[in-house]
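Next up: the structures, one after another.
Consider the two complexes below, in which chain A is the common component and chain B and chain C are the respective partners.
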Partner chain A sequence: MKLLGRIALYAGLTLAALTFIYPFLWMASATFKPLTEVGTLALFPENPTLDNYRTMWARAPFGRALLNSMFVAGTITLSVLVFGSITAYAMARLRFRGSPILNAMTLGVLLVPGQLTLIPMYTLIVQLGLIDSYAALILPYLFNATAILMMRQFFLQIPQSLMDSARMDGMGELRILFTIFWPLSKPVLSIVTIFTFMGSWNEVLWPLLVVREQQLMTLPQLLTVFSLGGGAGSIGVSLASAMVLVVPVVIAYALLQRNFIESMASSGVKG
Partner chain B sequence: MPSVHFEHVSKRFGATTVVEDFSLDVADGELLVLVGGSGSGKTTILRMLAGLEETTEGTIRIDQRDVTALAPRDRDVAMVFQDYGLYPHMTVRENLSLGLRLRKVARHEIDRRVTWAGEMLRLEPLLDRKPKQLSGGQQQRVAMGRAMVREPLVFLFDEPLSNLDASLRAQMRIEIGGLQRRLKTTTVYVTHDQVEAMTLGDRIVVLADGRIQQIGKPIELYRAPVNRFVAGFIGTPPMNFVEGRVAEEDGALVFMAEGVRVTLPRERTAPTMGPGPVTLGIRPEDLKVDSSEGPSAGPPQDGVPGRVVLVERLGGTSHVHFDAGPHRLLASVSNYRLPEVGDTITVRVHTERVHLFVGDRRVVS
Partner chain C sequence: MRAEQRSGSLMAAPYAAFLLVFAAYPILFALVLVLLKWDLVTTPEFAGLGNVRLLANDGRFWRAVANTFVFLSIHLPLQIVTALTLALALNRPLVFRSFWRAAFFLPVVISGAVVAILWSNLYATDVGLINGLLVRMGLNPVPWLTDPSTAMPAIAAMVTWKNVGFYVIIYLAGLQYIPRSCKEAIEMEGATSWQRFRHLTLPLLLPQTILVVTLSTINGFQLFIEPYVMTGGGPLRRTYSIVLYLYTNAFAYQKMGYAATIGVALALIIGAVVFIQRRVIGKAEAL
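Right after this comes the complex of A and B.
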């Protein structure tokens, strides 16, 4: 009975897992299928081909877009980690004039929906003359209130005696942050890394607004323009370009998966 | 010489005064213990000396140098924390050497000091482990080692033994005392445990509500506490207190309370004692239990009749709790012929050793 129950459980779970992964696997396999085969549900192409990728690469600067995306998402993630943790450290562990106001304002930022600030931000970028530049893509995302609050929450739990020890040992605040707090905050740092990187990597709307130069386009932006603009021509090519977008995120997730799940469990943050 | 001086130091958090007009001189090489209950301000005083807390008023000097406004790293003091404050992601060796590396001490000198501290504290086999892999006592020793390798002017200990179990605490207490005597480094040691204070301190400062109650050698505090707080705080089990009055009877001074009557030795009574309420204090070991029932030998007035309510057998000595009238008292007696619960006993008071308090102050010298 017990064994049967277990088998049923695993069968159910396997089915659920398949439901999740099948569309993705189908997409991956479809990119290697010739046009005549794309319509089938089979997971293995009968006549595998790289034509879809070749076509895609030839029709639009995807290589360049991949580099753009990496540069933009990488810079933003680094900045959110470094400047965000500095802010979070100050908010969590230092006493200074105006710290309650800073706390309240950071929280307040979370209450304002992104859509609301889109137009003012666009106007600002236009006024600054930054349209069609990396700065336009990066500048608005250098700080992230959610990341700051998450790190602040984590930093609050680090024992005071570690800070005291570090001060007695002769460390300044920045050194305490980067040599003591950072190594102890891997769970929260990796979750912030993944969220920020993925958020920035998948961002389409903002790049569409501020970048028109094809050489500056990020991957999802180019993909959108390419597929929706009819540049792809066939579903296989569209899917191939989507794969290029997804693969780096999957790799990043696989690398940081353990930390990611740990911190999801410990911080109670729901994705 | 690295002596430490507090000059009228106060600390306030908003409207709350934690330390009030604190002045104290710690001599070079001395082990001074700050003892008091929670909220007495002892840890705040230590943290102000370390530079981890700012002073609201007053001056702190180390080795004649005004350090009041200096950062912790510029004061040349090292501190051992209650929960050790070891960096969990670094090995013992890294924990020991970090402070020196930050001070740009030469590599061979760092190695020499780490080896020296490792030998002294028996840490050599543990140098490449992380703190999590160590027992509480070992972590404690690493924390001490980290302070030692700095070779500071002053050691600060903030309740370093509170997280250890009783037997380890006793052992570490002896080690700390021995170490301090060997190194002869000026030390300020904070504890709430009066046994630690008594056994370790060259001198003890008893604190309550951010104020000094008494400063003195351990035995002085024990024999001549200046007020009821110190009398009750120093000594285990604590001193017995009985509220009553002193009256003259047949040319002798007699302390009287319901159920308690003690004739006082005349020469020890201060003339300033008025007719108002007086508190008699007597240590448990200065009470002698006559467990024989019925009329006891000797004059009746120096005996206190009581009924035993609890006997705690500790092995070497036992604690006999008894009611004398409305007063619950405690006598510390040897195990020879212990009374049973419910027995009627006569307790003799060592009248040479009674303390009398008027209000809060002790009036018998």
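Right after this comes the complex of A and C.
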């Protein structure tokens, strides 16, 4: 009976895991299939081909989009880490006027759904003349309230004595932050890095609003526009273009899955 | 003290400026936009409560709201049951636990745009994987995304598939907080495993369930890329979502005032629904 229960448990788990993994395997294999084979359930193509990738690469600037995505997500992540931690440090460890208001506003921002500010942000970007620019994609994400609160919480627990002795040695606040706080804060910094990067990497609604120039599109946007606009022309081609977005993420996830799960679960980011 | 005051203000100043420009201003300007008629090209016209009146009588908007409730009525129960089942399975002594967990979480890290494109192919009537399986089992293929009665349920099932790994982690964290002594005590009383689940585990997981309901509800009201990619809001506008309508008004019709009004209404509806859900769940617990 006990053995039967365990067999049923593992059978159930295997079935569940297949449900989550199989569609991605099917997708990967479909990109190597000629049009006539896409409809089959087989995981290994009978006549494997790279045509889908060639077509995708020739019809839309996916290489450029990959660079755009890396540049935008990288810049945002760097800013959220560096400028965000400077802010969090001040909020956690320094007394200054306005600190309580800043704290309250940060909490308040988290309660406002993004859709409320979407249109006013869009009109702001239009009026600043930033439509079709990297600035439009980056500026609204330079700071992240969730990240600041997390880092602030973490910085609060670092012993005061460390700060005191560093000040005694004549260290300035920024040096204390980057040479003493940062090395002690690796767990929270890695959490912030992953969810910020992933949030930006997967974002599609904002780019759809502020970018129309193909050369400036990030991957999810170009993929959406390309597949919807009929540019892809066939399933294989449209899935091949999706692979450009998926493969880097899956590699990073395979290597760092524990950090990914911890990071995305603690921040509430869902692709 | 003086120095601390100064460096504190200096270090916080960029963020304060950011909050003013990208949080305070948009929130206030959203309320101004509600009163305006503006296409971004000509000068804005004052419209009074025209946008609000239009919204109140806009069948398309209320269709989108109704669609969201259809979505939630399938998505929420499915999400809770699946997440709880998988979390309970993962909470047993297992080999390769982190592998199973990572497998369930995989779709969470994949872009929503990719998932939508992938599933429009899985759901495809002639060449889709799902209908391929159905036909192989001797059943008739179902036109998932083109039949008005199955399109929204199909999207709800897909969104559950995408996000469930995230909620499994939430439930798993809750399960690990249930003290062993509680389980042992209730087993000594001779409770069956169903009784143990119903009267011990489920009530103790209430905070996690509230979180799951709240987050999935907010997420459901923000549905956009799925109908945008998979159905364009059809068939018969049955999958038209509120954010898709907002986007269309801003982007295709250039109606900034009206789009902002939809945004404000959406924020209010989300607030009200989450508030009511919490009251109801709180009451259910008291019974």
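Simple rule for what comes next: the second predicted complex is superposed on the first by the 235 of 271 C-alpha atoms of A that agree within 3 Å, B and C clash if a C-alpha of one lies under 4 Å from a C-alpha of the other, contacts with A are read in each partner's own complex, and residues count from 1 in each chain.
Following the convention adopted for this analysis, a residue touches a chain if its C-beta (ideal position, glycine included) is under 8 Å from a C-beta of that chain, and two chains touch if they have at least 3 such contacts.
Here the structure is a predicted model, which is why all the values come from computation and not from measurement.
A.B. asks: Quick one: chain B and chain C on chain A, clash or fit?
C.D. replies: Taken together on chain A, chain C would fit alongside chain B, as the superposition shows.
A.B. asks: In the superposed arrangement, does A:Leu139 touch chain B (first), chain C (second), both or neither?
C.D. replies: Only chain C is touched by A:Leu139; chain B is not.
A.B. asks: Please indicate which partner A:Leu78 is in contact with in the superposed arrangement: first for chain B, second for chain C, both, or neither.
C.D. replies: A:Leu78: touches no partner chain.
A.B. asks: Based on the superposed arrangement, let me know which partner A:Pro159 touches: chain B (first), chain C (second), both, or neither?
C.D. replies: In the superposition, A:Pro159 touches chain B alone.
A.B. asks: Touching A:Gly39 in the superposition: chain B (first), chain C (second), both, neither?
C.D. replies: Only chain C; A:Gly39 stays clear of chain B.
A.B. asks: After superposition on the shared chain, which partner residues are touched by A:Leu130: those of chain B (first), chain C (second), both, or neither?
C.D. replies: Touch partners of A:Leu130: none, neither chain B nor chain C.
A.B. asks: In the superposed model, which partner reaches more residues of chain A, chain B or chain C?
C.D. replies: Result: the larger residue contact count on chain A belongs to C.
A.B. asks: Looking at A:Met27 after the superposition, I want to know if it touches chain B, chain C, both of them or none. Which is it: first, second, both, neither?
C.D. replies: Only chain C is touched by A:Met27; chain B is not.
A.B. asks: Once the shared chain is lined up, is A:Tyr122 touching chain B (first), chain C (second), both, or neither of them?
C.D. replies: second
A.B. asks: Rounded to the nearest 10 degrees, how wide is the angle at the Cα centre of chain A between the Cα centres of chain B and chain C?
C.D. replies: Once the two structures are overlaid, it is 100 degrees.
A.B. asks: Note down the smallest distance between any C-alpha of chain B and any C-alpha of chain C in the overlay, whole angstrom.
C.D. replies: Minimum C-alpha separation, chain B to chain C: 6 Å.
A.B. asks: Please name which positions on chain B make contact with chain A in the complex.
C.D. replies: That would be residues 47, 50-52, 71-73, 77-79, 81-89, 98-99, 102-103, 146 of chain B.
A.B. asks: Where on chain A is chain C touching in the complex?
C.D. replies: 9, 12-13, 16-17, 19-21, 23-24, 26-27, 30, 38-41, 83-84, 86-87, 89-91, 94-99, 102, 105-106, 109, 112-124, 126, 139-140, 142-143, 148, 172-174, 198, 201-202, 204-205, 208-209, 219-221, 223-224, 227-228, 235, 238-239, 242, 245-246, 249-250, 253, 257-258, 260-261, 264-265, 268, 270-271
A.B. asks: Touching chain A in the complex: which residues of chain C?
C.D. replies: Per the touch definition, chain C meets chain A at residues 1, 4-9, 11-12, 14-16, 18-19, 21-27, 29-30, 33, 38, 40, 86, 89, 92, 94, 98-115, 117-119, 121-122, 124, 126-127, 129, 132-133, 136, 161-163, 165-166, 169-170, 173, 215, 218-219, 221-222, 224-225, 228-229, 242-243, 246-247, 250-251, 256, 259-260, 263-264, 266-267, 270.
A.B. asks: Inside the complex, what are the residues of chain A that reach chain B?
C.D. replies: Those residues of chain A that touch chain B are 159, 161-162, 164-171, 175, 180, 183-184.
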